[in-house]
Structures are given as C-alpha cells and as structure tokens.
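Next up: the structures, one after another.
One chain, chain A, links the two complexes that follow: it is found with chain B in the first and with chain C in the second.
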Partner chain A sequence: MATEELVLKITGLKTNFYTYEGVVLALDGVELFLRRGDTMGLVGETGCGKSVTARSILRLVEPPGKIEEGEIIFFDSDDRSGKITPIDLLQLHPEEMLHVRGKRISIVFQDPATFPNPVFRIGTQIAESVLLHQDLSREVVEMKIGEMRNSLTGDLPEERRSQVVEKIRYYEQQLDEPPEPDDKDKKKAAQIVAEEMLKLVKMPSPSSVMMQYPHELSGGMRQRALIAMALVCNPEILICDEATTALDVTVQAQVLNLLNELKKEIGASIIIITHDMGVVAETCNWVSVMYAGTTVESCATVDLFANPVHPYTAGLLTAVPKLHDTRERFPQIRGTVPNLITPPSGCRFHPRCDYCTEICKKEKPELKEHRPGHWVACHNPLS
Partner chain B sequence: MSDDILVKTRGLKKYFPLTGGVFRKVIGKVHAVDGVDLDIARGETLGVVGESGCGKTTLGRTILRLLTPTDGTIEFDGVDITEIKGRELRETRRNMQIIFQDPMASLNPRVTVKNSVGEPFIVNRIARGPRMRDLVLALFLKVGLTEDHLNRFPHEFSGGQRQRICIARALALNPKFIVMDEPTSSTDVSVQAQTLNLMKDLQDEFKLTYMFISHNLSVVKHMSDRLAVMYLGKIVELTPGDIFREAQHPYTFALVSAVPIPDPKFAGRAQLLKGEVPSPINPPRGCRFHPRCIFCRDICTREEPELRDVGDGHLVACHFAGELDFGESVQQEYAVALADM
Partner chain C sequence: MKLRDFILRRLILAIPVVFGVMTMTWFLSYIIGNPVAMYINTNTPASAIPAIRRAHGFDEPLYVQYFLYLSGLFQGDWGISTSTSFRPVTEIILLKFPATIELSMIAMIFAIVLGIPLGILSATHKDQKIDHIMRIFALAGVSMPIFWFALMLKHVLYFQLAIAGLPHLPGGERYTLIRYLSFKYTTGFLLIDSLFFYGDFTLFVDALLHLAMPGFCLGYLTIAIITRMMRSSMLEVLREDYITLARSKGLTERVVIYRHALRNAMIPTVTVIGLAFGSLITGAVLTETIFNWPGLGKWAVRAIFSSDLAAINGFTLLVAFIFVTANLVVDLIYGVLDPRIRFG
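Coming up: the complex of A and B.
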C-alpha cells in the first residue's frame, strides 16, 4: 500500500491492562491502515479490542492500561498547503498530543448520554469547543461585515450609508490577513459557528437546540450534537465508536446517512467501530476485522462479503441474521471468546477454528497481502 | 380454540402520570400503552418491535402485572388476572417471568450467582441448602454453564454468560410464559446467536410461550412465529408472515426499509421516515402515524383506524391497508437476490 494515500498507519500495536487477576494482553500486534477519504469499518466480537485500539490512537488509555509498543503514524496534511507530515503519535509529547486529539483526530463514543457536560447548554458547549479549536479571526471579520450589511437595509441617511459602506470595504481588506480579534467578538463568532455546525448535522430547529440542555434532547439528536462537536475542528480523522448502536433503526439510518453526506462535505476519513455488519455494508468501503486483540483480515467491504478469507470472518458473516430466512437456528461460531490473560498460543483463534493445523498452535500468523488489496493473518487462508 | 390462548388482553391501557412544577402536580399523562388487544397462543413466540419509547417494555410489564393497568383486561391461562392481589398474584407470577436487556443490572453484584439463581426456591419455600444447590446446578447445566461457575460473582462472567444466568433464574420455577425484553441488544452477533439458539431449545424442551421484545427487526423475525409492530402505545400491524416482504402498514414499511442490509451490493437506501416519534403525552388525533405518513389523507387526521384482518390473520390498522403502493424497496430486491442464490 503506497504510503502517500494513507492518513493513518498502525503497526505492531500492543496495549496491556495490569489488573489484579493478571495482565490482560488486550492488543497483541494490531495492524491497521486508513486511506485518505475512506470510511473504514472496524468489526469484531465484544472484547476483541476495538475500543482499546481507538483509545490507543488518541492516547486515551488510562491506568491500569498501558500502550507497550508499536507505531501509530498519522499523516497530517496542512489545510492550506496540503503538505503532508508523518507524525508518530506514540512519540509525541503529551502537550503536542493535545493538538492532535479532538483537533486533527476526533472521536464520538457509544453512549449518547456521554455529553461532556450535562449542566451546560448545547450551544455553550459547542461554542466552547469552537473557541478552543478554531482561530476565529476570519470569522470575526466576516461577522462584522455581515452586521454592517444588515444595517444597510432600511432607511439610512445618505451620509451614514456611505460611512457604513466604507467600513465594509475596510473590513473586506482585512479578510486576507485578519487581525487578532478581541474576546467578546470571538465569543459571538463562536456562537454563530456552533449554530452552523448544528445545521451541518441536520439538527431540527438548531437555534432552539442551542439553548437546550443535553437531557432535553432525544438519543438521535444528542448523537447529532456529539457529531457536530467532533466536527468543529475540521478533523482529518473521525472515529465513531458504536456511535449508532444504542439508537433505533430509523434514527440510526438518519445518522448513517448524515455521516455519508458529511464525508463528502468535510473530506475527513472515518473509522466506524461497530458489530453490525449491516452498518458496515451500508457505510464503509473498507473493513478491518479484529479477533482477540489482533487484526485478522483487512480489505474492501465488497471483497470481504463476497470472499472472506479468514476462517473467523467467514464464521462471523454466517452468524449475521439474514433478513429473509425463516424461523430456524442461528448459525454460530463454536466455542467462546478467549480470555486475554492467558490467550491461546500461536493463532489466537485456533481453539475455535475448523481449519487449524499444527503450525497454528505454535506460530502467530502475520498479516500479509494474500491477494492484491486483501490482507489476512492466517496460516491456511480459505480460497 | 380459546384453550390454545395463554395470554389475552382487551383494551389494555397503561398511562403514567406526568408531574411538574414545585408541588409535583399531575400535569398530564404519558399514554405508554393505549388500547392493546392481543392473543398469544400457547407455545408460540410473539415478537414485538417498534421505536424506543413506543411502549414495548410497558406492555410486557403490564401483562405480567408488574405494573397496574389503567384500563382493560388481562387473561392468563383462562383466568382474569387484571385485579388479582396478594397470594393469588404471587402464585400467578410464578408462571410468568421476565428477562431484561442488561443482565448486569438484574443480578446483585455481591451475591454469588448460585444464590441469585436459587433465590426463587428460597422465597417460595421450595428448597434450600444442598437441595437448592442441586436444583441450581441442574438449571446451570441446562443453559450451558458448569459446576465451577456456581460460586462466582456476576462481574466474573462475560455478557453472554450473565444472560444465561438470568435465563436460568427465569426458568427456576418452571414458568409457562416468559417476556424477553431486548435480551440480546447488549451482546454482539456471535454471542447473540448462542443465546437465541439456547432460548429456542429451552422453548421446545419446556413448552414455553415467549413474548420477545426488541428493536432489532432481523433478530425478532428469526425468533418469532408472529410479529407485532407498535407505534405510540398501539399495535399497528400484526402478522404471521414475512414482515420484510409483506408489510402493509406505512409505518412498518418505513421501519423495515431502515434496517441496514448486511450486503454491500444493496448499500444506499431511501430515507422514508422523517422526524422523530411524537410525544406519547399528546398523541396525534386520528391515525397516530399521520404526521409522518406520506399516504396521509383527510380521513386519517380525523378517524382512528381499527386493527382489522386483511386475510390469513394479518392485522393492519390503516384506513388504506391493501390499497397502498409502496413501490420497490431495497429489502425486496435483497429478498429476491437471496431467493435466486
């Protein structure tokens, strides 16, 4: 995979949790790559490490958890010049990480109840975030021009009118190199931008939502507000961790459509963490499958559904309830998810695998390009 | 015929008072369940679907008399249980159980799972001590847990295992009827498949009758013999057929169309439902769905449609049931594609 297309590349990521019962080897060499403009699905059973991977990318793993080794390269592109700078997120100073987290890479969590602060109005919270992340000097000038233009309507004495027109011209000259605005103007501009964000996520009656508190919104509206907040800083990468799981199908459909539209508009790359293969099929063009802390398969979505190559993926796909089957038993993968304190040796899937051979018990399979554009970590890949 | 009916409700309503202001005065009513007529046959699984807040959980809990109905009647096993109390109610409850969405919340974290599952034996003075332990072990083996799980605490189990513990507890008193409220929505596909298969096996073994509540249409459909669709406290469609192909109520059709299809060939679908569920405090007049319905006509804003049989036990509450043309849907195309395979 040519690196110039990539926006994120994770190699050999290991994250452990040092618990009372023992060391949980949660991530054991995760490999991921995300291309610019792609929407990648990250799928796998409960506890396979999807959320820990997301948290590791943002360096949000808290004790007793610790990122042990690996590389997370973020290919940041400058908004203006388009110049691309590779940054190893794991080597960044915590200060510098603050400039990446929530600014270049944003995350929306599973629970729509996790609004940052339940006691502040939605508008205040989004505007706060705008103030924190955006240089509003240009917006302030635009706001002033807008105000002046508005004052031009109606009856104005000719003298006053020409004064205003002159003022507008003066501000328009500032647009190229806007001066540092004062705090009051900045706050006002932040409110305007916040409302724009709510419009962008198709929030019904955005101006009244600005004045409401998180608990007054429905789950779907809250999720939209969270997405708006995550987009405030125009991130390069947006990570949605089960962002639609708790929602009704109808609301979920609205939010997924929204993500699809937004991608075109803001040009971000998206990682969708989900265990719903329907969501993957509808929104993602690429998909990575995880099993017990490892990446087992990675390819185009169409390819995965048509020709899964890893035995685990094949099992996972048959376990998805088909909409049109009649009442019958659900196909299931035999056995259960392993405990990660004493994970199985070699291939972590081997105790549940029908294709397991001797080597599988001893050697961990590496993620390799099995055929062009289709990566798999298995000693005996199907087909 | 009526012998085959285990649960029967007529005009069942459950309103919650809505309080507000400094003095917590009643300022309105939440019409959570608003006139439900339902027959559940012995041994069948009735699926109930609908958007969050439409009253699924309230319906289940009211049938079990965990909530007092506001109006209407409930018959269980031929007996009117709408107003029974005390001993009689306790006796009846032994035959009816509920399994909740979040298994962690329904287990006491400080009690071993043996004691949690054995509690009904003690409360009902059936068994204690070693005899209780044997009974619990028998249940554990039935649901695929083992002897060394007995003395552990809930946090030591995975989501799927905890769900099994709750199932074991629900089975303890040998019930006839079990309400499953979103039993698998907190687990993922593979665990979900195991849990659902287990419930089907148990149903056959113990001749259980299920009411299966979920907002996951494909799962409900798999589990159910008949499917009821709820909207704002009412059943709008009830069918023994394939809801994905034969939906007749505009709401059901919209709901079905919103289900993501696990096949990228069918990505991209029309968004048929605008807006969110209206408030159950003041449900719209006439047909409750009319503000969101693209087929709405004059009569819909005035008259509430009855739930009527359109053939083969397929009930629909729409003035124009059978006359509406929904056009092609992605779901139908998908069904055809699957049939061709």
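Coming up: the complex of A and C.
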C-alpha cells in the first residue's frame, strides 16, 4: 500500500503484561494500516487484544503492561500547509506524546458509565481539552465581536451605538492577527467551542448539558459527551473502542449514524473496534481481523464478507447468524481461545485450524498481500 | 438552592443525634452515681444536701428531672465542677476550650498539610523506596500509643537536649511562664491574641514553639491515618477509567493527579479527617496531661480522678457535639466535592 495514502501504520507491535501468573504476550506482532479518510473496523473475539492495540497507539498501556517493540508511524498532516510528517509514536518523547493525545489522535472508550470524571461538569471536561490544545486567540476575538453584535440588537442611545460599531470594526481588524487572549476570555471561548461541539454531536439541550454532571445524563448522552470530548480538537484519527457496546440497540444505531455523519464533517480517519460484524458491515469500508494478539486478515469490508481468506475469519463469518437462517446449530470454531501466557507456537491459530500443516506449528505466518488489496497472515490461505 | 436543601436536611438529621447524646449522659449520671453529686463534694455539710436536692429538682419524678436537665443544658446550666473550686462547668469549658481547640487545630494542620501530600506521594511512587518509607512512617503512627510517643518526644527533644545545654523545644505549657507571667487572654487563642491584640511577635513565636511538640504528637496518629487513607484511595482512583480518559486527552501527569484524581480521592479522605477531628479532642486528654497543657483534656483527667461528675458529663457532651459538628461539616464538604451526593 502506498504510504502517501496512509495516516497510521503499525508494524510488529508487541505488548506484554507482566502479571503474577506469568508474562501475558498480549500483542505479538500486530500489523495495521489506516488510510486517510477511511473507517476501519478492528474485529476479533474478546481478549484478542483490540483494546490493548488501541491503548498502545496512544501509549496509554499502564503497568504491568509494557509496549516491547514495534513501530507505530503516524503520518501527521499540517492543518494549513497539508505537509505530511511521519512520526514514530513509540520513539516520541513522553512530553511530545501529550501533543498527540487528544489533539491528533483521540479515543472514545467502551463504557460511558465509568469514563467521564464524576466530579466535573460535562462542559468543563470538554473545554479542558480545548484549553489544552487550541490556541483560541481567534475564537476570543470572534466571541467579543459576537457579544458586541448582540448588544447592538438592544435599545442603545445613538452615541453608544456608534461606539459599539467602532469597537466591532476594531476587533474585526484583529481577526487577521488575533492578539494573545487573557485566561478569562480563553476559558469563556473554550466553553463556547465546547457547546458548539455538543451541538455537533446532536446532544439534546446542549447548553444545560454543559452545566450538568455525568450522573445526570443517560448512557447515550454520556457517550455523545465522550465523543464530543474526543472530537473537539479536530483529531486526525478517532479510535472508538467498542464505543457502542454498552448502549442498547437503538441508541447504538444513533451513535453509529452520528459517527458516519461526523466523519464527513471533520474529515478524521476512524478506527472502530467491535466484535459485531453487523457494525463493521454498516460503517466500515476497511476491516482488520485480529486473533490472539496478531493481525490475521486485512482488506476492504465487502471483500472480507465475500471472500474471507484466513481460516479464522471464514469460521468467524459462518458463525454470524443471518436473517432467515435455517441452521439448527451454528457452526463454531472448535477449541478455545488460547492462553496468552503460553501461546501456541507458530501460527497462534493452529490448534483450532482445519487447514493446519507442519509449517504452521513452527513458523509464524507473516501478513502478506495475498491478492491486490487483501492482506492475510496464513501459510495456507483459503482461496 | 439544592445545596441549601442539602444543608438543611443534614442539620435536621443532626438533631436526634444531639438529643440522644444528651439523654445518654443524663442516664449515665444516674448509673454512675447520684446526680446530686454534681453539686456537692466531701466538704458539703450533710444537712445541706436535702436543700440542694430540692433546689435542683432531684426529688421530682424522673421525667420532670429529665426535662429539668435538658432545659438546664439549654440555659447553660451544666452543673458545678466540684474539682475546680465549684465553678460552673460552662464557665470552665469556655475558659479552657480555646487552649484545646488551638492544640487540636495545630495537630489537624500538621495532619492535613503532611498527610495528604505524603499519601499522594506514596501512591504515585507505589512500591518504590519513598512509598516504603511513608508506609513505615504511617504504620508507626497508627501503632504507637500516643502517651508513649509523647513521653519519648518530650524526653528527647526537651530533656536530653536541655541537659546537654542545646537549644530545645519547650516541654509544656502554652507559653514561657516566667517571661510572660499570667497572660490575659482576649479570645483565649494565644496565637490570635498575641498577634492581633497585643502585636507581640516574640510571644507568637514562643506560642508556636510551645505548640510544636504537643501539636505534632497529637497529630501524628491523624497524619498516619490520613496518609494511609489518601494513599489507598488515590491508588484506587488512579485505576479508574476516568483517569485513563484524562490521560487520553493529553493532560500532563501533574494535572491528571492533582485535578482529576485528587478531588475524587479526597472524598473518602474527608470522612476520615472529620472523624479524626473528633478523636483529636479525646486524644488531647493524654497529650495535654503529658505536656501540662491547660486545656480541657487535662481538666477532664483531673475530673475523672476526683469523681467530678458534672465535669465529666460536660466534657462528654462537648466531645459528642464536636463529633456531630465534625460529621456535619464532613457531609457538607462531601456535597461540595461529589456532585452525586446532593441528590442521594
């Protein structure tokens, strides 16, 4: 895949957890690539390492976890010039990483009940990111002009009116080169930006939600608030880690639709982590399948549903129930998810694979372009 | 609006508790001895006793006595302290309370100013050297009996240094008696009096030096309790999802800890602080005795030794009120710290 299209490229990512039971080899050479403007689904059974991958990208893996090796290249594009600079996130100084988190790459987590901070107002929590990452000098001037304009609508003596008009003109001149605003104005402007964001995520009555605490909102509203927090600084990449799993089905659909719409609005590339193939079919144009800490298949969504090439993906897809399904029993992949402390040698899927050959037990298959636009990690791909 | 309702509700809830305590002390004075004992001592002529009985209503039926007792309490008649030259209990409490409060406040300041940062430090450096040191320090604090610690402290920082002719901390009293003779208090709080009413800075420093040892000694247990509480609740909070969210926003570790984690971790710690304040007053009994501190604790000890029932009752009531007030304040701080509580 041509690198100029990519916005994120992960190669050979290994992350371990050092637990009392032993070293959990949670990620063992994850390979992912995300094209600019794509929505990629990241799927796999529970425990296969989707969340750990997401956290590794932002270097949010907490002890006892540790990212051991690999490359996570983020192709950062400058907002103004459009110039693209590749950055290896794993080599970045921790302080520089702070400028990536929440600003260039943000994440929406699984559980809207536990992720917002219970003791701060929603508005404060969104505005916090704005204050942290945005310059706001222009917004402050715009805010002042807005305030002036508002005062014009009221009853003003002629003399005062002309003063205000004069002031507006003065501020409008500042717009090209806005001066450094003071903290109070900045905070006010951040609140306005935050409220705009709540409107964008279709939060009902956004101005009152600004002043509310997380426990006063419903699950769907909280999830919208979390999405607003993630999107408020216009990130290049948005990672949604099972952002809809904890919600009931109708709310889930609403949030997914919202993401689809927002994508057009903000132009971010999105990674949707899920184990719901239906979600992938509806929202993603690209999909990567993970198994036990490795990437096993990666291709366009239509391609995956039509022609899965990896035995695991094929099994996964036949296990998805369909409407008018007449099957009495759903086929399942035999065996169980491997223990990641002592994972199977070679291909981690081999004990469960019907196509397993000698080489599979010894050698780990690499992710290769099996046919144009379809990557697979298997010694004996299906077709 | 909501906060006001919350405060009102908590205040109303405190009323039965206060009544309960008053009833309990009344009941106990019957169990321990004859309530007339509150008003007499060994020098009272036997012939005067029936008159005293009548004067205080002790020959009335029990329920009348109960109401007399309650109305007495509300009117400020808490009995006569026989061990303190027959002066009214309320008068002595008013006189000695500031000394105890001043000492407890200093202890509390020690506890909060040291306990909270040490707890945070311990949590953020979990299992590192600094954490181990903190934990030993805290363990010592909760397991050392206060009187032993007080004696040791006094022995080393006062006796030994004084014997060696080195600069040392004062070993007792609120100020250097020889230098200031009998100081006329205005508010009773020496730090405030010396600075604001007399403008005597050397006396202020003298008072601070006198407070240092008993204050730390009294506070050590509380420092230890707060450190431990802060450490464990901080560790718990740092594992919460909203901390991950805060980190994912790109906030610095400092902001994550001091803005996002601290406020949440303070919620359980505040309870402990409130309860500890109540126990500081009782802890003062030992500390004041050892450091010869002219406060309520020392007075209560003497009252116990001379079976001064009114004084004991008065002290018990006072401690109970302080506990109730401290709990009330804790509840209020809770409501401020945790928005979820106001609706609970």
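Everything that follows uses one rule, which is that the second predicted complex is superposed on the first by the 378 of 383 C-alpha atoms of A that agree within 3 Å, B and C clash if a C-alpha of one lies under 4 Å from a C-alpha of the other, contacts with A are read in each partner's own complex, and residues count from 1 in each chain.
Just so we're on the same page, a residue touches a chain if its C-beta (ideal position, glycine included) is under 8 Å from a C-beta of that chain, and two chains touch if they have at least 3 such contacts.
Note that the structure is a prediction, hence the values are computed from the model and not measured.
> Once the two structures are overlaid on chain A, check if chain B and chain C clash or fit side by side.
They fit side by side.
> Look at A:Met203 in the shared chain and tell me whether it touches chain B only, chain C only, both, or neither; answer first, second, both or neither.
After superposition on chain A, A:Met203 lies in contact with neither partner.
> A:Pro118 contacts which: chain B (first), chain C (second), both, neither?
It touches chain C, and chain B stays clear.
> Applying the touch criterion given at the start, work out whether A:Leu316 contacts chain B, chain C, both or neither, answering first, second, both or neither.
Only chain B is touched by A:Leu316; chain C is not.
> Which holds for A:Ala228: it touches chain B only (first), chain C only (second), both, or neither?
Touch partners of A:Ala228: none, neither chain B nor chain C.
> Given the overlay on chain A, how many degrees, to the nearest 10, lie between chain B and chain C at the CA centre of chain A?
Once the two structures are overlaid, it is 80 degrees.
> Contacts for A:Ile72 in the overlay, against chain B (first) and chain C (second): which applies, first, second, both or neither?
neither
> Name the contact category of A:Val100: first (chain B only), second (chain C only), both, or neither.
Only chain C is touched by A:Val100; chain B is not.
> A:Phe109 contacts which: chain B (first), chain C (second), both, neither?
Once the two structures are laid over each other on A, A:Phe109 reaches chain C alone.
> Tell me, in angstrom, the smallest C-alpha to C-alpha distance between chain B and chain C in the overlaid model?
Superposition on chain A places chain B and chain C at a least C-alpha distance of 5 Å.
> Determine where on chain A the residues touched by chain B overlap those touched by chain C, and list them.
In chain A, nothing is touched by chain B and also by chain C.
> In the complex, go through chain A and note every residue touching chain C.
That would be residues 55, 58, 60, 62, 97-103, 106-107, 109, 111, 114-120, 128-129, 132-133, 213, 215, 226, 229 of chain A.
> Note which residues of chain C are touching chain A in the complex, please.
Counting only chain C, the residues touching chain A are 240-242, 244-252, 260, 263-264, 337-340.
> Name, in rising order, each residue of chain B that touches chain A in their complex.
Residue list for chain B touching chain A: 51-52, 158-160, 187-194, 196-197, 200, 215-219, 221-225, 242, 244-245, 254-255, 258-269, 271, 273, 275-276, 331, 334-335, 338-339.
> Which residues of chain A touch chain B in their complex?
My answer: residues 45-47, 204, 218-221, 248-254, 256-257, 275-283, 301-302, 305, 315-317, 319-333, 336-337.
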